[in-house]
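In what follows, chain A forms one complex with chain B and a second complex with chain C.
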Partner chain A sequence: MAESPAATRERLRVVGRRLPRHDARDKVLARTLYAADWQMPGMLEGAVLRSPYPAARITRIDTSRAAACPGVAAVLTARDVPHNILWTDVPGQTSVVGPLRARVQVLADDQVRYQGEAVALVAAETREIADRALELIDVAYEAQPGVFTTEDALRPDAPRVHEEGNVLATWRVRCGDADTALARAHAVVEQTYRCGLIDHAYLEPEAGVAWIDADGVVVVRASTQVIEHFRDVADVLGLPHNKVRVIGPYVGGGFGGKEDVTVEVFLGLLAYRTGRPVRMVWSRQESLLARPKRHPFTLRYRTGAARDGTLLAHRIELTADAGAYAYLSALVLLYATVTAAGPYRVPHVAVDARAVYTNNPPTSAMRGFGAMQMVLGYESQIDQIARRLGLDPVEVRRRSALRRGDRLPVGQALDTHVAVAEAAERAWAALGPPRAPSSPRHRVGRGLACNLQPYGRLVWLRDWASAWVGLEADGSVVVRCGVPDVGGGQASSLCQIAAEALGVEPDRVTVHIADSALTPLAGTTTATRQLYMSGNAVLVAATQLHDEVRRVAARLLETPVEQVALADGAATAGPERRVLLADVVKECARLGVPRSHLGVYHAPAGDPVDLERGGGRVFPDYTFGAHAVEVEVDVDTGAASVRRHVACHDVGRAINPQSVEGQVQGGAVMGLGYGLMEEIIVDRGVNLTTSFASYLIPSALDVPDVEPIIIESGDGKGPFAARGIGEPPIGPPAAAIANAVEDAVGVRITDLPITPEKIARALGLLSGG
Partner chain B sequence: MTELRIAFTLNGEPCEAQTAAHRTLLEVLRARGAVDVKEGCGEGVCGTCTVLLDGEPVSSCLVLAARAQGRDLMTVRGLGDAGAPHPLQSAFVAHGAAQCGFCTPGMLLTAYALLRDRPRASRAEIRRAIAGNLCRCTGYTKIIDAIAACAEGAARG
Partner chain C sequence: MPAAPFDYEAPATLADALDLLRERGEDARPLAGGQSLVPLLTLRLARPRLVVDLDRLHELRAVRRTPGALEVGALVRHRALERGEGLLALCPLLQEAAALIGNARVRALGTVGGSVAHADPAAELPAVLRALDGAVVLRSARGERVVDAGDFFVGMLTTALAPGELLTAVRLPLPSPGAGFAVEEFSRRAGDFAVVAAVAVVELDGGAVARARVALAGVGPVPARLDRLEAALRGERLESGAIRRAVAERPLEIDPEGDIHASAEYRRHLAAVLTARALERAAEAAGRAIV
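Right, the complex of A and B next:
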């Protein structure tokens, strides 16, 4: 513990190296079999009939013509689903939302609440026959009035999306006395911001194959971030949990969109009904239409500061559009509430947050999970305060930046390093001297935005992860861990950690992941938690194994155990004495010493806290960072483009610096898409952007090279003091762009995305509306 | 439904396929086990299903299978294999250019065609060339790094 970060880095052999990932080798050779690539003999194709209406009663469903269609093996409606309820949360979360609200009907019973809601399922010999059968299902809908904005949903006479009313969840924070502090503040900035509905848009649409194995177990091999949805499949089918198995192949991108159930339950139903393997692959259009998206928020901020720019108070009102079903909305709202004051010391904070049902597409988890939407609010506010007071953007942030030991408004004290000020300074400085505009009609501006993002789940979920590490007789290492790998290097990081702990090269480690029947459960690949949780579990197991092996090696080497080190596939005691790991393993076998361990890591746990009274710890820890951008605005067209983008985060320790950079660059570019171009457009509940031709994500021409700056503070709660970095980099870009646009052309854009049209309108280039 | 019999070469091997006239090249290739060709959008926007048709990158979801008659097709498996990976494949691994890997086959083929035609391509040219291949994971920088490392005149290391 007393060791300095530099000394630790010096000592590490495998951790901290820019190692190529083993999964990347398979991917460039196209040997990776993604969910849709899986084939089985006699496999049927599954398809989903979806509601064309955002709000309607189903008065009749006639499936007889579809069922009679040659080649159709099954047609299922709500009547055919043994338990037509899917709980949309995990144990421990239900109390937050209320048991009635945290559920979804698997297939629509008599009411549809959003366009694209699943109504019926088909399994057929070919996809073409399945599509024809969908057309032959006769559904009579009676369209009903819906609610399509949160404002409308909150009117007393609004149609109710669910019987219990349209307010799904509320959270409050009261810290100090915000109103009094605002009345006394030297500068007060008040502004309303809106951030939009966006899609995860991973390149791999949802897909999977299900079959019944020889033991009667329903097996679902699907693209998912959560193999523990095996329980959901079992509950819907009415089977014991141990009769369903989910296998998670390498995922073609998740970003939260494969956190809730997608195809798993539909596949389980169809395979169980037909007794045959069934594949289901959603099209891009189906994916954009039907799957939960990122919450749009309305953020109202009143912020007060002292004459020197020190932040004094925030009064914040947040309204999130939850769409038609709860999914994870209550938790997304909680993340927003906890982080709404940003990475700053603000003595007086009042937050009132609510999530509201509408007949819009449901919203749920997406990278950043509520916390990222807040960055537009708190970073636009602090920038306007700096501008009002004539202060430098770095200086105003440094003045209020959180430090270790400070408390968040909810009362949680920060017990690890807080790198906000350092990240802001380094990101800003890295922009270097300003560059000239590329033409007389361009203006250049710069913007800065800091953020905090939790890593690991709420402490009252008592999160844990397990992993098994074993040595084979030849000295090679096996890791078994139920972690789904969504492309962030989740599996390869575990190889590096095991290799470090056992003194072998990473290519001597094989990792088996994401099989709910065969790998120890490690929880979800969400919430920036897998390196932290599974990494710690592997380290626990590998360290126990290391200690056993070292003791046996000491016997073989006839030397005190303290003098034995495991390195390069051998146990050594000084330069002379050396025994191969394989020989130590054989000696372990002879002595009956275990050659494997199951490691379990428990995250810091606690009881649910009362946010309003400042209850204390909510999350295990947070990752801090800052992005600086240089933007060029065309004053003839309003088009803004990002010319430079520096992204700085403290990751505690970079297990694989190349993977860390990849997370930072990829997250930053996803944040640029959110800031500049991405928008799901819904007109009275009807999604108008169900194609990649209309839903635009950044191409290589839309973004610059993001320049990562990785701070390794040597302080964090993951293995080797790592902090999570999966979600954090998506937070700052949108706010940094908004700040840079004001710097360039003097207008404040408060609605995302920051399109040329919005800038042009603000500049007075457009007339009307 | 009109059925056609088409013949083409796939990664150097002669192939025949029986297909309905309206089938796309993407559907026909995947149905015959060429699952190294991935479907990302089915509407010709994302470039995930890129293959080389007589050497030119095309979105196989927009090409009718019948158009492959008598022509030469290459997918990423034609680029290299585990024993002899193409330098671009090795560079993608070394530079961390593949994260989830779903866009990678199409990206590699576009990169291959670019460097074949413009062996000294600059970063700006690489950026333009891959603009039709979307990636949601990497932010593109490491992909461009990997391709640039394979261009002639690139500093090795």
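Right, the complex of A and C next:
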């Protein structure tokens, strides 16, 4: 970038403004029609029968009594599903397991592999009748031995969750010679960490409505992060892909939980079978019971450092519990493997990672996607090294912090600004002078944690996004883009980008999103990629349009094109000469100049790299940050509460600072919940936490005001040099709290969540083992 | 999941309500604030055929003063206790305990009778009732009986209430003037049920303990009284550390079980910490009252 960040900021009119989102008012006034709010004449209600067993054979299913129940329109089992399997491909896996074509069954046929697995579907006139019909389906299960820990799953004689064996995926990184470097290191810290199974816990459980349109197209309007699942619905039904359409309404939170198929395929099946509209809304219990969750990991780290604290080597072993089905586990594991050494220069790194099948709930995408689980490992290790060597926590990080041009252990060179050291310094400084404990029975401590998180998808997925931008005859702007808006302001940001490029106010822009039939496809709202990808696509289209319109305006104004600027809904050339955008559009029409453009943005692409032999580029780029927290620990009960939380990230450029701060604060609070209390507890495959009374998420009363610090380095690969910020802020809090707890009371907690009981036990307050 | 279908009646008088409950026996379930019953219905853990809404029974909203005691109608809401409305101000312990119940939404609807009849082992009001040696008034179509709190709580979510019977009021003997009290509790998250709660009432006589009472919630199926500790504290002078020593010297007579929120061992530990904190604060308050 030739222009300085400050100069760019000066030049921008709409980008960088704290605009209220265009969708906020409707949401607050309850006018937004979320997936479950959709009603259609003759609509049936769908429901799912789920297995009570984590591992069992189905010996018989008798649906006759349910089907005979008055008001029941359809009862479906695996036999009724034309193609009962969804496939996930993971190209480029450097694994002993081989290229992965992982299966998920739509409905269990002869085997159930986790508690809550879908066994049958019902559609009925009312929800009550559907529930009654579920109770009338007679399923005979024969319980089987299952495996419920990764340790058990890896034993040679363990029952196999899938025929191919229990190891689903492995990745290895080799960079330098970790063992020799560790043997020579001045300080070595070795520790095993465990992070838990957690749920997305979005406000809006999974829901949708499906119907058959007049032209025979199956339409599914569902809460999803991925409208491209129209292909899965079509494959399962055995229809051509162009006969299924997915519409994505505004989503009440996704966080990765609506990245895999949820209700879409079930709805498609029921609507196709009955020929009637069908709605399906999962209850909170169903969502907590049966949806894929975040991978628990066991992380073993051996870390070596020089006398001055400089990091020299990591030997890392990662084991992830993939649960009963593959879903996106192999990719989650790849993110973990690539980021396991953290945002630091570490010359010698060896990582061995594997994901293992168990009869636990399946695990898949969740905000942070494998990379966030690693923060507990690398940030706890560096903190213990600092403590061992008597170094300041900021200083030890500054010594090894990555800089532009450095390579990650997988061989990828960083080609944009790297703000790790700056973020650490600013977050730590913002904590200010320490505050006194609130009673003689409390101790105060502080902790710091940095992180890196990729934005955009793997380069060998050759990611792209498209968007259409057009000018109407009155000079108003239309954006069409297949982006699902999951509540992060995805659609609003596109308005701002188009408004900036075309010199209009954002309220002159209308954005149509997330309809696989009517909006150009933009890919998934996942992987911190939408602002980056669809934002770039909108910018490409709007810039082409801008250039075209400007040329026509120059003709009208009879000036050289370089002197024409689009601003305030008009084209101007100096103070005197001005023509309204609407008039320029009319002139375009007269001349036959296009008034719309389809923009396509291609992310940097590459072939799969061999992570063991030098590797290379894996992701387009990364977002860097640091959080600093102050905790207070009650030395009698062990309870830790976070009193201050500063969260600092480099976002390149804040398109809408208010949305950026919202992402940072929301992500930080989610990270606090992960660090302090959230835990799906599964006892031999049986989920004990299927309500919000047992699955604890923090309320507003349990968290401090998170103070965001937004760095705008003016460097990044998104539109206007933005970097993605959706996932990054969830990474650091848990590790920062663990570090602060040790600072406060001198004990190191290595298992998440950091509950009062674990601290009490570490403090020796509990007598027994 | 929505509740299984049920019939709904909202009788206008206590007599009508009792008749309905007698007729329908085990099929009927009274509804007060609904803060415990409605979740049970929607989780289908309770499937009554008939729900009898008590909301119109104004006679159950009364608060009366009797010699040495306060009688609080079953339909008095937690919010009224928290605010110490009217005669309820005579027992400020209720204020402190009620403020710890759930969140503002729960307190706005939940009732004294519902909480005591539901008998959640972690609930505050049953422990208050035990700490004050209170009693409950039960009515059925056949008549009225009064049962001591110690006999009323039978097990986890189980009480001496018979089918067809309603709890109409709780009786709370008022502690002597100058008594100190405190409620200390520990919960994993703001607004949740306590993991363990301790209710302490201390009466002093010239700087020594005349009577100390402690009731604990969350350490067993029913609220527990700590008789041995109470006896040991009698006559104890309260210079600093005496209470903590007394608590630490003997194992508390409780036998908690572990669950997903806390192990048995941690509950036992919390019980000791909270008992000491509650007693210390109650004793301090009693000391201040003397001065």
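As a convention for this text, the second predicted complex is superposed on the first by the 755 of 769 C-alpha atoms of A that agree within 3 Å, B and C clash if a C-alpha of one lies under 4 Å from a C-alpha of the other, contacts with A are read in each partner's own complex, and residues count from 1 in each chain.
Keep this in mind: contacts are C-beta pairs under 8 Å (C-beta built on N, C-alpha and C of every residue); 3 or more make two chains touch, one makes a residue touch a chain.
Just so we're clear, the structure is a prediction, and the values are computed from it rather than from any experiment.
Novice: Taking the superposition as given, does A:Cys481 touch the first partner, chain B, the second, chain C, both, or neither?
Specialist: Neither partner.
Novice: What is the contact status of A:Leu44 with respect to chain B (first) and chain C (second): first, second, both, or neither?
Specialist: Once the two structures are laid over each other on A, A:Leu44 reaches no partner at all.
Novice: Between chain B and chain C, whom does A:Ser691 touch in the aligned arrangement: first, second, both, or neither?
Specialist: Touch status of A:Ser691: both partners.
Novice: For A:Leu701, is the partner it touches chain B (first), chain C (second), both, or none of the two (neither)?
Specialist: both
Novice: Quick one: classify A:Val552 as touching chain B (first), chain C (second), both or neither.
Specialist: A:Val552 sits against neither chain B nor chain C.
Novice: Taking the superposition as given, does A:Val646 touch the first partner, chain B, the second, chain C, both, or neither?
Specialist: neither
Novice: Applying the touch criterion given at the start, work out whether A:Val139 contacts chain B, chain C, both or neither, answering first, second, both or neither.
Specialist: Touch status of A:Val139: no partner.
Novice: Considering only the touch criterion stated at the top, classify A:Gly662 as touching first (chain B), second (chain C), both, or neither.
Specialist: first
Novice: Using the touch definition from the top, say if A:Ile681 reaches chain B (first), chain C (second), both or neither.
Specialist: In the superposed model, A:Ile681 contacts chain C only, not chain B.
Novice: In the overlay, work out which of chain B or chain C sits against more residues of chain A.
Specialist: On the superposition, B touches more of the residues of chain A.
Novice: Do chain B and chain C land on any of the same chain A residues, and which?
Specialist: 283, 285, 691, 693, 699, 701.
Novice: Could you please specify the touching residues of chain A with respect to chain C in the complex?
Specialist: Interface residues on chain A, with respect to chain C: 127-128, 131, 283, 285-286, 636-637, 639, 677, 681, 688-689, 691, 693-694, 696, 698-699, 701-702, 755-757, 760-761, 765-768.
Novice: Name, in rising order, each residue of chain A that touches chain B in their complex.
Specialist: 18, 20-21, 23-34, 36-37, 39, 200-205, 250-253, 255, 281, 283-285, 486-489, 658-659, 661-662, 665-670, 691-693, 697, 699-701, 703, 705-706
Novice: Provide the residue numbers of chain B that touch chain A in the complex, in ascending order.
Specialist: Chain B reaches chain A through residues 33, 35-36, 38-43, 45-46, 48, 75-77, 80-82, 85, 89-90, 92-105, 108, 127-128, 130-144.
Novice: Name, in rising order, each residue of chain C that touches chain A in their complex.
Specialist: Against chain A, chain C makes touches at 1-2, 4-5, 39, 43, 186, 188-193, 260-263, 265-266, 269-270, 273, 277.
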